[in-house]
Amino acid sequence: RWRGSIYKLLYREFTVFVVLYTVLSAVYRYAEQIPVTFVLGFYVTLVVNRWWNQFVNLPWPDRLMFHISSCVQGKDEYGRLLRRTLVRYVNLTSLLIFRSVSTAVCKRFPTMDHVVEAGFMTPEERKVYENIRSPHLKYWIPLVWFSNLVAKARQEGRIQDSIDLQSILNEMNRFRTWCATLFGYDWVGIPLVYTQVVTLAVYTFFFACLIGRQFLDPTRGYPGHDLDLYVPVFTLLQFFFYAGWLKVAEQLINPFGEDDDDFEANWIIDRNLQVSLLAVDEMHMNLPHMTKDIYWN
Amino acid sequence: RWRGSIYKLLYREFTVFVVLYTVLSAVYRYAEQIPVTFVLGFYVTLVVNRWWNQFVNLPWPDRLMFHISSCVQGKDEYGRLLRRTLVRYVNLTSLLIFRSVSTAVCKRFPTMDHVVEAGFMTPEERKVYENIRSPHLKYWIPLVWFSNLVAKARQEGRIQDSIDLQSILNEMNRFRTWCATLFGYDWVGIPLVYTQVVTLAVYTFFFACLIGRQFLDPTRGYPGHDLDLYVPVFTLLQFFFYAGWLKVAEQLINPFGEDDDDFEANWIIDRNLQVSLLAVDEMHMNLPHMTKDIYWN
Amino acid sequence: RWRGSIYKLLYREFTVFVVLYTVLSAVYRYAEQIPVTFVLGFYVTLVVNRWWNQFVNLPWPDRLMFHISSCVQGKDEYGRLLRRTLVRYVNLTSLLIFRSVSTAVCKRFPTMDHVVEAGFMTPEERKVYENIRSPHLKYWIPLVWFSNLVAKARQEGRIQDSIDLQSILNEMNRFRTWCATLFGYDWVGIPLVYTQVVTLAVYTFFFACLIGRQFLDPTRGYPGHDLDLYVPVFTLLQFFFYAGWLKVAEQLINPFGEDDDDFEANWIIDRNLQVSLLAVDEMHMNLPHMTKDIYWN
Amino acid sequence: RWRGSIYKLLYREFTVFVVLYTVLSAVYRYAEQIPVTFVLGFYVTLVVNRWWNQFVNLPWPDRLMFHISSCVQGKDEYGRLLRRTLVRYVNLTSLLIFRSVSTAVCKRFPTMDHVVEAGFMTPEERKVYENIRSPHLKYWIPLVWFSNLVAKARQEGRIQDSIDLQSILNEMNRFRTWCATLFGYDWVGIPLVYTQVVTLAVYTFFFACLIGRQFLDPTRGYPGHDLDLYVPVFTLLQFFFYAGWLKVAEQLINPFGEDDDDFEANWIIDRNLQVSLLAVDEMHMNLPHMTKDIYWN
Amino acid sequence: RWRGSIYKLLYREFTVFVVLYTVLSAVYRYAEQIPVTFVLGFYVTLVVNRWWNQFVNLPWPDRLMFHISSCVQGKDEYGRLLRRTLVRYVNLTSLLIFRSVSTAVCKRFPTMDHVVEAGFMTPEERKVYENIRSPHLKYWIPLVWFSNLVAKARQEGRIQDSIDLQSILNEMNRFRTWCATLFGYDWVGIPLVYTQVVTLAVYTFFFACLIGRQFLDPTRGYPGHDLDLYVPVFTLLQFFFYAGWLKVAEQLINPFGEDDDDFEANWIIDRNLQVSLLAVDEMHMNLPHMTKDIYWN
């Protein structure tokens, strides 16, 4: 009898409560869920595009070194010096940019002393470089040297004519644009408020889950509900899912750090110097003997 | 007894009401929510793309100054005057564009007097500039001077041949396209009706929340509901979320204002003038002595 | 008693009906809603992209006029005639395209007589133009004249060499591509069936609302429901929202009409002719005297 | 009494059934609906982009014909033959590509005989063409002839210098890239499995509707439900909506068929041949007399 | 009586349970469903774009072979050797890249011996190639040879002037960029964590379905529910749908494998060598006799 009476007294309120409660809980489960998915979708797409564009704009001196190797003439010492210096200026520019952009490179070359020591700059160049008074970044200085040096080389006949000169200058400008683009991506990031909105949305969503689902799972022991109760499988899955997606973004947002997945800027610097010196010096006009290939006639 | 009878009389209507009410409230909560998320997603993507394109199209004279420094010859006064004037015309063009586009630059250079005072234009140039009768914007005038001046320089032998001339003209046209693109983004914004639809959608959504949730939370004190009742956590989170996203858009829609996050057009103008004059004058054919690098052989 | 009995008889059916009804109404409210939002999102994005691409491809003769002004030599009458004619051919081409594309321009220049009267074409050119038998659009004819005229100018020494000639031809081709792109956007619109699906989806959605919500809002006067009943606030908001979004698309789908927000093709035509004639004639080799700028040394 | 007892016996099960049933039906209505919308949105966007890119890459000889008309000299018969042959090779290339790509063109030119008959190829060229042994597509052959013929024309002095030659070669390569792009779109379509997934998703969705809604609409005659029962308005609307969207995709996926909305490849072929022969032969150096325009001074 | 009493004892709890249960099951059905759809949509779009970009960047030597065929002169043996060697270097470069990128090509050419045997490299070239000490990939070496060989050819008068030389170098650089882009796509894939999140999301979703729907479908035999119970039609459809979409991505993520749908890199290698040798050797200056076409006058 006791049970019957208390039920009689309360069952209407109780029904109302339960209906309201489940509907409400369903509602706010959705409410946060859908925006989080969407905003993550748009945000991750933005981040992935920026990341790939930075990869595409990594400065490789290959195009330029082919031109220098074929159009700056002379196997004598002066010719070699000319080609090596041109290539070194280009590598120096990308090094200066990488120092601003990448923490790993900045650690390896904390001061201009390290840049000189590593052979990217001669001590004399450093003196000239530091005498140029400008309150702004000075990564464009080696390229002014480059463009004047090729002009001088044309006047000395080392570069045959203006066509060759302009090709080299155009490739240099292409290289500069890569550098400037990388710098631009570093300088102007995704608007901070966008990142904050996304991050806070995801974390408050989880906070809401933590609280909301506790309320939903009282110790009354509804049958069939245990699956999610004792081991909150689906909440864990969602946590894994959203946090994973956010991690994708966080990992890609600064691709010049020191993580495993970041672009290895130090390796790029070494590879570029080694390969480009090889191509313009040792391999200049050092052709294998031409013989007939096996499909001749 | 009184309670029993009133319940008996009303419980059917009451149940119907409660069910209908919760379903309805759930419905319109969604109804507004999903479109708001979507339209914000598409709109913010559009705004972010426009914002980044404007950044990419900021006019930098670097490419052009390398060409001028290497291809316009002569260390004498006339040569210096030629190179400085060419570079000044280019900087003048970008200044004229920035005056139309950026409120910060417009404040700094409200009249042509300020432009002349700041050294971007000589008084005589100003007279010629103002004598040209055109009802349209006149930012193209310095570039006509530029193109005629390089043609004159070629005829005087200061620019060696047509190849060098055309390279310089092409880079000038690239610079002009950057300027025109910035101007285009300022001239033709996102269609006003799109911005209005989005803004109104977000604000009416909040208005609906304010009213709708008041109705939903009567003082009857349903248990388990308090969390959202006394401190409307989720409503606040959503407010934070949508308003934050909308703020992202509002902040980016005009990147040439005077906010902290806007592009610093005044800094760009100063940097460009200083750097480009340095590159074409002081640094022209002023090369560091070439010495063998440390990897020689 | 009467009330009690009818309730007893009907309350089961009634409950079933109400539950089913609300669920169903909720369902179809969603059912139509979500697709409408989505399809509008994708459609509007497509339309906005097309609209902006048309803006970006508006034909401006500025790049070309710099080249003509600097590379087609001679201040005598023949030189002036040459430069003015070249520039006129280019403006004529864009006028012919705008006549096909824009209703406003078509109204202003309904026949070739109007084109001749407005000074874009001489009567003799018109005769030659109309003697060329081709069943296809003839906007390419002035450009053939242009390319042959520059070739003639090179042979006469008015254009110094092939480099200058090719630069001018390349810029002309760039201009032509802008014209052809505009024409392409006009010729091949968004597939009609896509526009029809979107428009019909939006309007049938509203029709469904009109009917469905009438059924939902009987005169039984459920409490707490009045807000949406007497003044259908949320239905109105949705109407505003979707119709506004669709209007964005409708306004942008043909940007060459006569609305306030359309591109002012007639203004562009006038501006281009005035500015380009000015640049190649009055301003040709008409340079301000070079003086030292205020930062000299 | 009979009614009362059966109700007493069944009403609990009945309520459970109805609640479960409506919830379930709501659930799977959504379940299929949302993915279909999404996948259609992404798929249609992909298809529309491919379709528009194919339009943008249609090969037009206009750019090339301006260069040929202005840079290949000589009004004598040999000069005319040279220009006509060059232009014919270009048109032949696009015809060979269109034959692989478009069913309409393939029907009109089923064999090489038809190509020769239509005047795109001389009988002798056909012999040379067929003597070249290659297991691969041979649309590049006329372009090898083209490039060798312009080289020959330069050596004979018909093309003045290498600058003109290289401009023509570059435009030819641009033309070739258009052709190759069209061929690429035909060769590598949207991955079949993607199209299958989308098509099957849409059709199984309708199948599910057909069955599911039959179950939902028994003949018990629930009031207020008739609207969707006797005339399944919303199901029909959805059918119209999704099938329409899918039709958009199907119509655009192969734009070179014989439908009304497809690109008229045959018309393009005729137009290109007629216009380009006109431009390089009849109109070569056939300029209208230059007279002063009406704005002179 | 037994039935009545147990029902009286349990029906309230039972109702509460059923309502809660269905709502909950509906909720988590959604919960997982919507994110899966979304994330798949964004992910598949990313994968399809990468896949198409790789197709667009396949290295074809056609543009280059036209230039070599028309600008490297001499029908004697030395001229033939020159052109064949240049073309071979280009094909060698793409082969070296394909060996890094494609498993099928790697199987066919596991060592440099196979490359020499297939005629892409002479034994002497191999010796030079292997003597160049570099810890990095060496695919750029044949291009350094290429650029030096064309420079040599210009000095020997086989290439007429710098214009022709620079055109060839530019086309070579374009070819190199295609190779480097392919290599870049292979080197830097989609971030692994992204792929993992998507794959795990889809598979845990199915796992959740398997478990969740078992709970939902007890053997109590609710009527009207059988459709999905005995043959889980909708679950199967969804499985087909999501797994199909994921398969699209998996198939496209590495387009250089050995599946039927992958790009046939081996065929491309063979086609390119055969066609390009044909174009520069057999077809060099081997023109069909020019005759008047049928539209002459």
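Chains: A, B, C, D and E, in written order; residue numbering restarts at 1 for each.
Heads up, the rule we're going with is that contacts are C-beta pairs under 8 Å (C-beta built on N, C-alpha and C of every residue); 3 or more make two chains touch, one makes a residue touch a chain.
All figures in this text were calculated on a predicted structure; none of them were measured in a lab.
**Student:** If you apply the touch rule, which chains end up adjacent to both subunit D and subunit E?
**Tutor:** In this structure, no chain contacts subunit E and also subunit D.
**Student:** Residue numbers at the subunit A-subunit E interface: does the shared fraction exceed half, giving same, or fall under half, giving different?
**Tutor:** different
**Student:** What's the distance between the Cα centroids of subunit A and subunit C, rounded to whole Å?
**Tutor:** That pair's centroid distance is 36 Å.
**Student:** Nearest whole angstrom, what separates the Cα centre of subunit A from the Cα centre of subunit E?
**Tutor:** Subunit A and subunit E have C-alpha centres separated by 22 Å.
**Student:** Taking each chain's centre as the mean position of its Cα atoms, how many Å separate subunit B from subunit C?
**Tutor:** Between these chains, centre-to-centre, one finds 22 Å.
**Student:** Mark out which residues of subunit A touch at least two other chains, giving numbers and ranges.
**Tutor:** 15, 19, 23, 26, 30, 34, 38, 41, 45, 161, 163
**Student:** Classify the chain contact graph as line, ring, star, complete or other.
**Tutor:** The chain contacts form a single closed ring, each chain touching exactly two others.
**Student:** Show me the residue ranges of subunit E that touch subunit A in the complex, using the header's touch definition.
**Tutor:** 12, 15-17, 19-21, 23-24, 26-28, 30-32, 34-35, 38-39, 41-42, 45-46, 81-82, 84-85, 88, 119, 122, 124-125, 127-128, 132, 134-136, 140-141, 143-152, 161-163, 165-166, 169-170, 172-173, 176-177, 180, 184, 188, 191-194, 196-197, 200-201, 204, 208, 211, 215, 273, 277
**Student:** Which positions of subunit E touch subunit D when the two form their complex?
**Tutor:** Spelled out, the residues of subunit E in touch with subunit D are 7, 11, 14-15, 18-19, 22-23, 26, 29-30, 33-34, 37-38, 41, 44-45, 48, 55-56, 60, 62-63, 65-67, 69-71, 73, 160-161, 163-164, 167, 171, 222-225, 227-228, 233-234, 237-238, 240-242, 244-245, 247-248, 251-252, 261, 263, 271, 274-275, 278-279, 282-296.
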